[in-house]
Amino acid sequence: MSLINKEIGDFTVQAFRNGEFKTVTKADVLGKWALFFFYPADFTFVCPTELEELAENYDAFKAEGCEVYSVSCDTHFVHKAWHDESERISKVTYPMLADPAHVLAEDFEVLIPADGLAERGAFIVDPDGKIQVYEVTAGGIGRNAEELLRLVQAAKFVREHGDQVCPAKWQPGAETLKPSLDLVGQL
Amino acid sequence: MSLINKEIGDFTVQAFRNGEFKTVTKADVLGKWALFFFYPADFTFVCPTELEELAENYDAFKAEGCEVYSVSCDTHFVHKAWHDESERISKVTYPMLADPAHVLAEDFEVLIPADGLAERGAFIVDPDGKIQVYEVTAGGIGRNAEELLRLVQAAKFVREHGDQVCPAKWQPGAETLKPSLDLVGQL
Amino acid sequence: MSLINKEIGDFTVQAFRNGEFKTVTKADVLGKWALFFFYPADFTFVCPTELEELAENYDAFKAEGCEVYSVSCDTHFVHKAWHDESERISKVTYPMLADPAHVLAEDFEVLIPADGLAERGAFIVDPDGKIQVYEVTAGGIGRNAEELLRLVQAAKFVREHGDQVCPAKWQPGAETLKPSLDLVGQL
Amino acid sequence: MSLINKEIGDFTVQAFRNGEFKTVTKADVLGKWALFFFYPADFTFVCPTELEELAENYDAFKAEGCEVYSVSCDTHFVHKAWHDESERISKVTYPMLADPAHVLAEDFEVLIPADGLAERGAFIVDPDGKIQVYEVTAGGIGRNAEELLRLVQAAKFVREHGDQVCPAKWQPGAETLKPSLDLVGQL
Amino acid sequence: MSLINKEIGDFTVQAFRNGEFKTVTKADVLGKWALFFFYPADFTFVCPTELEELAENYDAFKAEGCEVYSVSCDTHFVHKAWHDESERISKVTYPMLADPAHVLAEDFEVLIPADGLAERGAFIVDPDGKIQVYEVTAGGIGRNAEELLRLVQAAKFVREHGDQVCPAKWQPGAETLKPSLDLVGQL
Amino acid sequence: MSLINKEIGDFTVQAFRNGEFKTVTKADVLGKWALFFFYPADFTFVCPTELEELAENYDAFKAEGCEVYSVSCDTHFVHKAWHDESERISKVTYPMLADPAHVLAEDFEVLIPADGLAERGAFIVDPDGKIQVYEVTAGGIGRNAEELLRLVQAAKFVREHGDQVCPAKWQPGAETLKPSLDLVGQL
Amino acid sequence: MSLINKEIGDFTVQAFRNGEFKTVTKADVLGKWALFFFYPADFTFVCPTELEELAENYDAFKAEGCEVYSVSCDTHFVHKAWHDESERISKVTYPMLADPAHVLAEDFEVLIPADGLAERGAFIVDPDGKIQVYEVTAGGIGRNAEELLRLVQAAKFVREHGDQVCPAKWQPGAETLKPSLDLVGQL
Amino acid sequence: MSLINKEIGDFTVQAFRNGEFKTVTKADVLGKWALFFFYPADFTFVCPTELEELAENYDAFKAEGCEVYSVSCDTHFVHKAWHDESERISKVTYPMLADPAHVLAEDFEVLIPADGLAERGAFIVDPDGKIQVYEVTAGGIGRNAEELLRLVQAAKFVREHGDQVCPAKWQPGAETLKPSLDLVGQL
Amino acid sequence: MSLINKEIGDFTVQAFRNGEFKTVTKADVLGKWALFFFYPADFTFVCPTELEELAENYDAFKAEGCEVYSVSCDTHFVHKAWHDESERISKVTYPMLADPAHVLAEDFEVLIPADGLAERGAFIVDPDGKIQVYEVTAGGIGRNAEELLRLVQAAKFVREHGDQVCPAKWQPGAETLKPSLDLVGQL
Amino acid sequence: MSLINKEIGDFTVQAFRNGEFKTVTKADVLGKWALFFFYPADFTFVCPTELEELAENYDAFKAEGCEVYSVSCDTHFVHKAWHDESERISKVTYPMLADPAHVLAEDFEVLIPADGLAERGAFIVDPDGKIQVYEVTAGGIGRNAEELLRLVQAAKFVREHGDQVCPAKWQPGAETLKPSLDLVGQL
């Protein structure tokens, strides 16, 4: 079975954000849209370009009411150190979750057990804590924050307009479809 | 665990393509890149727009040496009937796989058991039959063929240039990264 | 053990009938006689002749108070498309049940797991939901709607006249038998 | 799963035929078509009418190269006694198999364990010993030997003409169908 | 362990007696002595001589307050037919129990599973439903009704005179023994 | 299942006979007929009358080529002591088997576990070591050596004349039956 | 683990004593000291000398408030017969327990299963039914009643004088030891 | 089952003897008679009197070819210290085995698990390593070395004179018994 | 998992202290700091130097409110004997626990099962009975009581000053650290 | 059981040392002494003081032929970043092992599963890969590199001088002990 509509599990992790350490739990996530953005490791190579691109689009996600959480299996101490040192990462203002106990990586099924690292997995979670979209790419393949934003928008639209669906490559403002018996075979 | 690097299982299914029925097996897939594009059901709504967009990008996928396979749990008889009847679907020239026994949907973990239908899952499979990228979206959310094409290109680049990786939103021709110890903390 | 007197299981499926989609459950079946008529797949060959013959006898079944349900593992979208396109199938006015999740095919033990299709099985179910007669034929062998009608009539007669039974080839109006000790060895 | 294409199990039973007792085994059955015709018990009521009708059609079955075997859970001694005493049964010239150990009734899944009797089940078995058609009716409902003959004919036709199938209610000489891609949606 | 003092199990069987069919259960047996007299099959050879001899001694058994039940795995229909046809069996006035479901034959441990027939077993059951004497002989060896009668008499005597026992070959009226310490080593 | 045709198990026991102790094993039993005559205990009450009656008939058993073995759970020391002391037992010249380890009593299924004693069971064993007849009576009921002799004779006759069987109460010299199809229903 | 302080199990056995049969149970044993004296078999060789010696010391045991029970796997009938016949055994006035069901021999772990006999085991049981001393010797080795008496006396002394213990070879009247820290290393 | 004839298990322990530490194994024990003499603990109270008495009888045991081994769960270091300090123990010249790992105490079934100490158990082991006699006494009850010597002598006699047995309280030179059929009931 | 923060199990052992035997249980340990100091065996070589050094530092441990318990698998009798005899051990005034049943050695995971001895393990247990520090060294390697004292002091400091930690080689009075976000990367 | 003499498991981890990344496996460890020094996390507080102290003593460890390996569950990328940034850590020249997959932390039993971090555990491993000494302290308690050095020296001495052991607090050059029987009780 897929992870679509799977409710995320309970968790309690440490996070680094805006110069502070704080605890983040499932309860903090519920009630709004969320993007969980897993990457293998701090102080590596593809990851900072992805996190930077995400930081640059963070306002757009927030405008959609969607919080962004980056997650790796490093500790919050390491997140802070990286944020201090890297120019790209210093742009990050969303919470950076620390998962050294592999709780989140196992719950979202992206842990690589032999390495103790997470795959590059992006998960769009609805306000009920249920996964609506996910994408996973092998080690060296960077993701696309704008496409993730488009998918958040589509997911929101479908949730809000129960009787309409978003065709391929739909963007906000574009035409949608209203499923009906008459459309069968007409599309 | 994720499905990244999982080798796809053996299968033998019926397909409709270019006015003919043919048998497709795992052996037909190995040796080149492949996109498995699951959708819930023939004669429904989001699906034809996705399949049409994919048909319009089919040449670009072929240019990358990547075969495209659409898959639903309908029979090949139904695929032919839909192709005959729907203007959008009549543009499809890639193989349409029939999975009424749910073999592929279970192997790629997109079967919805209560419905007997597949989630909208797209899987980029390398020439060794191993999954490199996948994306799954809930029922009403259409995918983006151009983004899938970009991911095929990135996956190919990483496979061919073992010492380089693709940063976020990378497109062919853009700069890549060559991981090295000196880059640690410099990105 | 045979399936005689087995009570059918709970089910909830989509159906196409008279230009509409509707949900059909076990509760809809109880309280009158029913014929469940399984066939392998829409848009195939023997099946439309069988469904057409059944459509032509539908009034006779209804006259006996017996509802007719055709069932295949296709979706209700496909049933509608077939009904739209095929002249023979367009005559069908009984509910066409969609069983892509294989719930009915497994309950009546006609699923061919390797194919995800149903055998040609006809089941006469009494108002208590219990199977009284069934017939299954291999793939290419068409059934006989008139013989099924005769069996519905005989089953009804036996249910209504607890002290009489129907001899071979009995038709309504023909003589029946009343079992008694005196008849032992006299027939 | 259905019993279609199930190979019958090994068996060794006593039979009564033409005034003699003989042993019948699976080996005797293989190599030609066979009809196994189960009924509840000797010296009862519906059964003799069914066996008599079958006896009257026996020449037609033989003309198709199809042997007929009646089967009940009575002993061969009882078969002989019934044959001696009953006018209807005295017409029987096909082998009457005795199954007091319930071997055949269990293999064909028609045993009623609480009664130690068989349901009224008719099974058409091909020359490889595999079931191609079967029909089971509740206690008091007599079967129709002519319809069984038609099904034997259709089953033979399908076996001999691998590329053709028999539509509903087909009889020898009537038109058959040759499945092809062009027929999809045209029937 | 032996079957001595084993309480017989619950059962419900059909019986033929004096031109009627009736149901016999364990409740009918309790409260008086009973002889269960198993034999392999109706319409065979040793059996009618045994049943005839038993019929001729039936009054003596009844005089002892002991009911006689013959049992085979044939149906009650067959019992009636045999009674109608055989001169010896026509003398039988005790109930002939029908055990096609093998319930009694298994409870008394005389079923021959490969044949579906009962061994020649005679069981004397006391008014509490507990077995006090039993005798089983291989297929072709006839029993002796008079010896069974003697054993019923001895069993009754022991039950009624708790302080006395019956020596070898004891017959009613003969001397019995009263166990006591003084007799130890004196017999 | 019954014990008819069950082959007796291996055993090695001590016996007392004619003033000597000797070991008796299964090998000593095979090759001729044997009567195993179990009784509860030495120095008790019914037993000596049974053993005495058996001793008086011992020549007749030997004339039939049938060895007699009495068996109780007492030791051979006790058998000797009883033989020394009891007038009745002093007549015994057949082997008295000692079964304090309960090996024989368990193999013939006559052990009363709570008492550590054997039921009164008589078993006629053929030259292949297979049980052909057995009789078990509750504690106080003495058996009949002459009837056991008759059963040995009948069992021998059936073994030697494979095509004939012994009717009820048959004695040597009396008429036997030759089963044949013509006799069905004629007895 | 050893049997020391193991509480003996429930039992109900027959016994012979002073010309009478009586039932002995665990309840009869509790409340005073007891010696259970197992031996292999009545009417054998070492055993009577042991039982005789025990009989000669019986008064001394009784003077200590200790009952003596001899036990073998023979029946009480055999005990009586032996008592009648043997001069040595005729001196026995303590209860001779009969254990043909092996209940005591198994509870005290002296059964030889292959023989159905008991080892020569002597067990001193305190008034709470718990074993305080035991001795077991192989088949041909006779025990020493006087040593057993000494052990009963020592066991009683220890029970009654909780603060003193009996050194090696202690006899009533001899010096005992009072364990104390000052004695450590001084003995 | 008893421990009679049980072969002792493999073991390797440290021992103290005559001012030296040495390893003792099962191989050292085989080939001559042995007395294993368990006691609870060094530096306690009853034990030194028992070990001293045994030391005083050691020559007599050696004269019988029987080695003596004392055993407690203390270490060999402690055995030496006790031997150094205690006047009684300083007389010991037989090997004092150390069993802190509880190997011997478990093999001879005298371990008290809650205490980690051994019961007072004495075991006479024959040259094949099989136990022939054993005696176990509760905590405060001292044993009798002379009685153990008598039992060694009796066990040797029985092993050497296979046809004779030792009656109760037998001592070397006293009369023995030769079991024979004629003695049955005469002792 | 490590033993850090594991709560010690229940135990009841005998101890020797100041010329007396007493019982020590878990309840005696709770409420203050404790050092459990395991060593292999009394009367051996490294052990007395360790116990002596510990005795010389005992006042310092007590000054910290920390009780000291030495533990070996010897009995308390042996502890007393060693204390009496050894000059070094005679200095010991802390409780010497006796663990012949291996309860403590197993709970602290220092038992060497093949030897029945304890490894040299030192465990600092807090007033809640939870282990805070432990050190284990192979057989011949002596420990350092002063380092253990330093660790007790550090453990106490951390427990009492929840917001400060002790850097490497910390001693009372030396500087500690107060973890804070600002210190990340600054140490 | 303790970890003393446990052979470390196979492992393959990434390490940072002297400005380079390298792979370290069990094979690299075998053949010389090793100190595995676990700590919770990079960029934290106690840890750098411990690692710095260890760095300052590294030459002394190397002089003993003992390699030092620090280990945390952070990645090698993080080790490099910390080494770049922290003045204390920049002094480290021994290999810093990265264990994000928790392989080493589980093998040495110091993983805190709920945190994904290691306890402060130091392990001295001999050239055969077997643990000889270990010490574990709770979170905030720093260790003492000089004491660890002393323990390495003692462990080496014991390995090299099989007949001598190191008393408490031994330092190279100090007196050792040679265990002998004469020393028992003299220390």
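By written order: A, B, C, D, E, F, G, H, I and J. Residues from 1 in each chain.
In the analysis below, a residue touches a chain if its C-beta (ideal position, glycine included) is under 8 Å from a C-beta of that chain, and two chains touch if they have at least 3 such contacts.
Small disclaimer: the values here were computed from a predicted structure and weren't measured.
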item	value
Target chain H, source chain E, minimum contact steps	2
Other chains in touch with both chain C and chain F	D, E
Equivalent interface to A-C, taken from A-I, G-H or B-C so that over half of the residue contact pairs match	A-I
Relative to chain E, chain with the most remote C-alpha centre	J
Rounded Å distance between chain C and chain E, as computed from the means of their C-alpha atoms	50
Separation of chain A from chain G, taking each centre as the mean of its C-alpha atoms, in whole Å	82
Inter-centroid spacing, chain I versus chain B (mean Cα positions, whole Å)	64
Distance from chain F to chain A - Cα centre to Cα centre, in angstrom	87
Chain D, residues touching no fewer than two other chains	43-44, 77, 80-82, 85, 113, 184-185
Pairwise chain contacts, counting only pairs that touch as defined	A-B, A-C, A-I, A-J, B-C, B-D, B-J, C-D, C-E, D-E, D-F, E-F, E-G, F-G, F-H, G-H, G-I, H-I, H-J, I-J
Chain B contact footprint on chain C (complex, rising order)	41-44, 73-75, 77-78, 80-82, 85, 99-102, 113-117
Residues of chain D touching chain C in the complex	1-5, 43-50, 52-54, 82, 85-86, 88, 109-113, 119, 121, 132-147, 150-151, 154-155, 158, 164-170, 177, 179, 183-187
Chain D partner contacts - residues on chain F that touch it in the complex	181, 184-185
Complex interface listing, chain F residues touching chain H	19-21, 77, 80-81, 84
